[in-house]
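Note that chain A is present in both complexes that follow, paired respectively with chain B and with chain C.
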Partner chain A sequence: MRFLKSKEGGIFLIVLLLFIVLSFLNPVFLTFDNLIDVVQTNVVLGILAIGMTLVIIIGGIDVSVGAMTAAVTVLIGKFMVGFGYSLPVVLLLAAAGGTLLGAINGFLVSRIKVQAIVVTLGTLSIYSGLTMYVTGGVWINNLPQSFIDFGRIRLPGGIPIQIVFLVLIALFTAYLLKYLRIGRSVYALGGNMRSAERAGISVARVQMFVYSYMGFLAGIAAFVHTSIYRQVDPNAFNGFELQVIAAVVLGGANILGGSGRVSGTLLGVALLALIGNGLTLAHVPSFWHKVIIGSFIAAAVVFDVLQRRRIEKQLVKIDVLQS
Partner chain B sequence: MARQPYLAMRQISKTYPGVKALHQVSLEVLSGEVHALVGENGAGKSTLIKILAGVIRPDEGGRIEIEGEPVEFASPLDALRRGISVNYQDLSLFPNLSVAENIALGHFGGLRMNWKAARRIALDSLGKLGVELDLDAPLETLSIAKQQLVSIARAISFDARLLVLDEPTSSLSSNEVEQLFRIIHDLKANGISVLFVSHKLDELFAISDRFTVLRDGEHVGTYDRSELDESRLISLMVGRSVEYEKQLGDGSKIGETVLDVRGLGKKGQFKDIHFQVRSGEIVGITGLVGAGRTELAQTLFGIQPPDEGEIRLGGKPVRIRSTQDAVKMGIAYIPESRQTQGLVLQQSVARNATLAILRRLAGRFFLLDMQREREIADSYIHRLDVRPKLPDMPVDQLSGGNQQKVVIAKWLAADPRLLIVDEPTNGIDIGAKTEIHRLLRELANQGMAVIMISSELPEVLAVSDRILVMRRGRLVGEFANREATQVDIMNRALLGAPLKFEKQGKGAAG
Partner chain C sequence: MKRTALNLKWNALKLSGYETILLGVFVILFVLFSLTAPNFLSPVNLQSMMVQMPEMGLIALGLMVVVITAGIDLSITYLAALSGIAIAWALSHGWPIPLALAAGAVTAMLCGAFNALLIAGTGVPPIVLTLGSMILFEGIALRVTRGGSISGFPESYYLIGGGELGPIPVPMLIFAAAAVLTAVMLNRTAWGRSVFMIGNNPTASRFSGIPVKSVLIRVYLFSALMAFLAAVIMTSRYNSAKVDYGSSYLMQGLAAVVLGGTSISGGSGTVKGTVIGVAIFQILSSALNLYSISPHIVDVLMGAILIFVLLVDYVIKLRKRMVRVKATDAAVKPPVSA
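Now for the complex of A and B:
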């Protein structure tokens, strides 16, 4: 009961409703292949949105996620073409590369104290510019066969290997937020930065961690993405940050910071995925996807702001003397 | 029980550029004592508390000792570890976290968050207070009073030896205050000291053992409760040494009623406000911070609508729904924080001065008439004596006093009937203050009706023709300038009962 009353509960009901409607409208929707396809095409979005959840909880933003992910796909693509494939090496390279890019954001935000939107707009441009310089905009094909084989692995029941990454990351991040001290610091910082400082939390260290973790997940997402598509398109993530942020906001995180959960974000991803899939199956032209998804986001934010304003209005500022 | 001082602060000074916030202040708090820290707005109470909490550092030369041992606080955590826990007025909690987390945050050094231990700590310290709360409820769903209790529970959980309560009762009901006082008594019995900062004299006398009085950043003295009564305490608090040149009119310029406020009220902010302001008159509104003065001004300027009552301008009832409405009706408002709300800091003096009259500057095709902008700016720079006399200078390079003149120029250009200024000389040096005072009088003499909100009693007395006093959202006093003294005003501000107003009438008796 408590769940249904929570924010996540509300989103869950919307997702469920959409799921039922789509099942009735289109017989193709409720097929194993379609559902697996929906999940697989949204694994990368899910991984990135989980990282973005932390960023948004601390009241930050990272618009360079797409650029970071693209940069790492090129990094590991070039590496594999040059040196071949080994799972631990390439995975580690992806994680390290992503973490480094995220740490640069974290450094600028936490130590130089530049606003996150400015920092990440800057690094968005730098990372994607460098990616273009390295590739000349040309796709990287001829990835090692062993890597392509890895990407095709299916677990018993026909579940693609990539889903394992998403599940592990979701579980770990949820655990981190709830049971690790750094997770509680993340919420504390987002709730009230000044109080967090007064309580002895190092704001800079938490910011550094959150942006680096975002970069780390961008690295993993790059690996997963490449394993699905088996080639590297340096332009694949242009503008992707919008979807990532949208999923987090639809998932109930407050864009002003303080709240957000992994479960909500996953529901937000599911919502975006179902809308997208439903529209595709209904042969709605793709530019309408943008309009409809945008409307959902605007509605979610407006709802949130209105609710907050109502609470604020009820606040008593002065205990007025009664005569 | 032998009582040694738990905390001793000696010769503490704090200098900010141009201002001496504290000068050689000493404070001694005994173990298990409730110690009241009192003083007017701006007397230096918050500065002293921030130093005690390790938020700011004092000037060289002062000493802080805990149980006789000298200490230095480099951070809030240092102070907390030495047993000093500060409950800020804004509570410093986390609205998005649960009750248990708010209490236990900061208790864990390891990598993991131990939820069981957190709940135990929370339960334990709430138990000590004799309070029951839902540990899992998000803090923002609790009333302010319960949040206050959470804040205190948090302090106790750190084994605080000295609890600093900064205006803890300002939003509590009388029942809740009683509960808080019972808790303070228990803490006291356990040897915990409490430093209590409040403007509510009745509460201070009900709970405090000793009083330390600050005035103008200086230590007036420390007294036992038995040495004091309310009137003596007030006389110790007021009587600031500064005197300003009087800028009073002789009454000959006072004309017709411009603003007539009848029974104005806004839930949770102010109630039953009646007053008039006539052209050529300066009405000072004073009271403690948080008395509802600014909220009233914001309502008159259309920032928030009132719930009840009537506003008349020039005899006609008006509804001011927005700041644009207010400007159109001839009302100007200069807020307290001029830098953030009154000026575009990076822009030039000329641009700022003409900001409120852009409509009139617009010529053909909506293009702004730069020539005229320059002329208008020049005329105000000379009239108000803004220095340096450079219309192109960015405002943020001017001194505070000259910035304030530019804000005033901005509104003069709009030629209002009613000017509302909120703390007009906040953070301005004394010479410039007098200039601003003179300017306000000049504006009144030209026929403007002026409302000046100020906490500084010498300023109120130097400028206002009439003085209104607010307390907790109500009008509690009205004085003509010549019959008012600082002590009278402070008496009302601290203790006054609401004035009674006849229905629809204007008279004041009280």
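Now for the complex of A and C:
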């Protein structure tokens, strides 16, 4: 009961309702293949949204995620075409490349102390410009067969290997946020930066960690994405940052910082995924998807703010009674 | 009487220290490009710069007013696109030009009101709300155009984007008028002063009796108006309307606003600075184009410039702070006696 009353509970109920409605409306929806397909196509969104959750908890934002992911897909694509494939090497390269790009964001945000939105708008332009310059917008197709085989691996039960990445990252990040010192610092920073600093937390170091971690996950997401689609499209992530941010906000994280959870974000991803899949199965023209998702985001944030304000009012009342 | 009028005029043209530096940068770049970039000073290039600049400039003016209130409007370029599509739809259905323009203006105002009412009415952070409305407007625009473009306008409509008054293209005149209007509104009206105060301290503004909500509503409507003007120029110049026309102006416009000295955390900003910022971006992109540098590298450079400007701003602030700390140290510490 306590879960259902929490914020995640509310989103969970919406997702559940949507799930039930969809399974009644369309017999295809509840098939194993469709569900696996829905999860697989949203693994990348999920991984990036988990990273973005941390960024949003500290009151920041990173609009360069799409550009970072695209840059790393090109990096590992070119590498594999040139030098062949070896799982540890390529995975390490993806992680290192992503972390480096994220660390650049982190450095600019934590040292120069400019609003993250401006910094990441700048790096968005730089990263995507470089990606387009290097590739000329041309796809990379001839990836090694061994890598393509890796992407096709299915666990017993028919679960694609890519889902393992999402599960591991979700579990690790949830653990990090809840039990590790750095995770607690992330919440402290988002709650009140000044208090966190006075409590001895290095604001710059936490910011550096969060943006680098975002970059790291963008690198992993790039690897996973490439293993699903088996080719590199330098334009694949144009505007993807908006979906990522939307998933986190729908998942109940406060855009002003201080709150947000991995479980909520995953529910936010599920919500976007189900809306998208439902509209596709119902043959709604793709033009409508954006209209519906856009209205959904606007409605969700307005509802969130109104609810928060109601809670604040109650808090004020208690204060008055006690004094 | 004559004297005060003259003084007022001079005040309006006076530049702050930062703006002087900015103007210096502009002049240096202009001279540099005139000497090195092929055909930079040719009438064709000068003309095309003057036609291109107003679109981004109008978006930048709209963004600036929002940024001064410590907000941001991510939806502004899609708002412009949608407004342009409304004009195009009306024109291609045989509406007379004034009526089509009215349709575009009404569309822009409705979209602006959507942002304004939700942001001012509920206090939702502008960045998320306009993120939502950006996707929403893009979706509606896609729905109407089905991803294609709308064209087929009457001859006389091209005069807006292609016409000239003497040597000056009409878009430039529209931009100049909009810049003057913005400056007057910000500096000479109660609304304008309130915009700055809200950006500085929303709580204090509320307690000092400023109608924060209605001021904010007019801020977002104002930015929608600028987006509408940009849409008119764009549709007329491209002779068509499409969803992604002008979508690159968000980044560039914001960069020009920040470069022009507007604080992204609100409370300060000038039209003069923004106009110079826009002009710098314009001659840069034209010159890089003339050097035949890849447009992707131009993107990289634009991003790098934005970050570089922030770096310089940071260093200047840091030095100021250090000077102040030294001064207070000297005041507090008693002289050391030997």
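Please note the rule applied: the second predicted complex is superposed on the first by the 310 of 323 C-alpha atoms of A that agree within 3 Å, B and C clash if a C-alpha of one lies under 4 Å from a C-alpha of the other, contacts with A are read in each partner's own complex, and residues count from 1 in each chain.
Methods note: a contact is a pair of C-beta atoms (placed from the backbone, for glycine too) under 8 Å apart; a residue touches a chain by one contact, two chains touch by 3 or more.
Keep in mind it's a predicted model, so treat the numbers as computed, not measured.
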Partner chain(s) touched by A:Leu180 [first = chain B, second = chain C, both, neither]: first
Touched partner set for A:Arg194, first chain B, second chain C, both or neither: first
Of chain B and chain C, the chain that contacts the larger number of chain A residues: C
Which superposed partner A:Ile292 touches (first chain B, second chain C, both, neither): second
Touching partner for A:Lys113 - first (chain B), second (chain C), both, neither: second
Touching partner for A:Ser128 - first (chain B), second (chain C), both, neither: second
Chain B versus chain C as contact partner of A:Leu17, first or second or both or neither: neither
Partner chain in contact with A:Ser259 - chain B first, chain C second, else both or neither: first
Sites on chain B touched by chain A in the complex: 53, 55, 75-77, 80, 86, 88, 92-97, 101, 105-106, 108, 110-113, 115, 140, 144, 170-173, 267-272, 290-292, 295, 471-474, 476, 497-498, 500
Chain C residues touching chain A - in the complex, by the definition given at the top: 72, 118, 122-125, 127-129, 131-140, 142-143, 146-147, 251, 254-255, 258, 264-265, 294, 296-304, 306-307, 310-311, 313-314
Chain B-touching residues of chain A, taken from the complex the two chains share: 178-184, 187-188, 190-192, 194-201, 258-259, 311, 315-321, 323
Touching residues on chain A, where the partner in the complex is chain C: 61, 108, 112-115, 117-119, 121-126, 128-130, 132-133, 242, 245-246, 249, 255-256, 285-298, 301-302, 305-306, 309
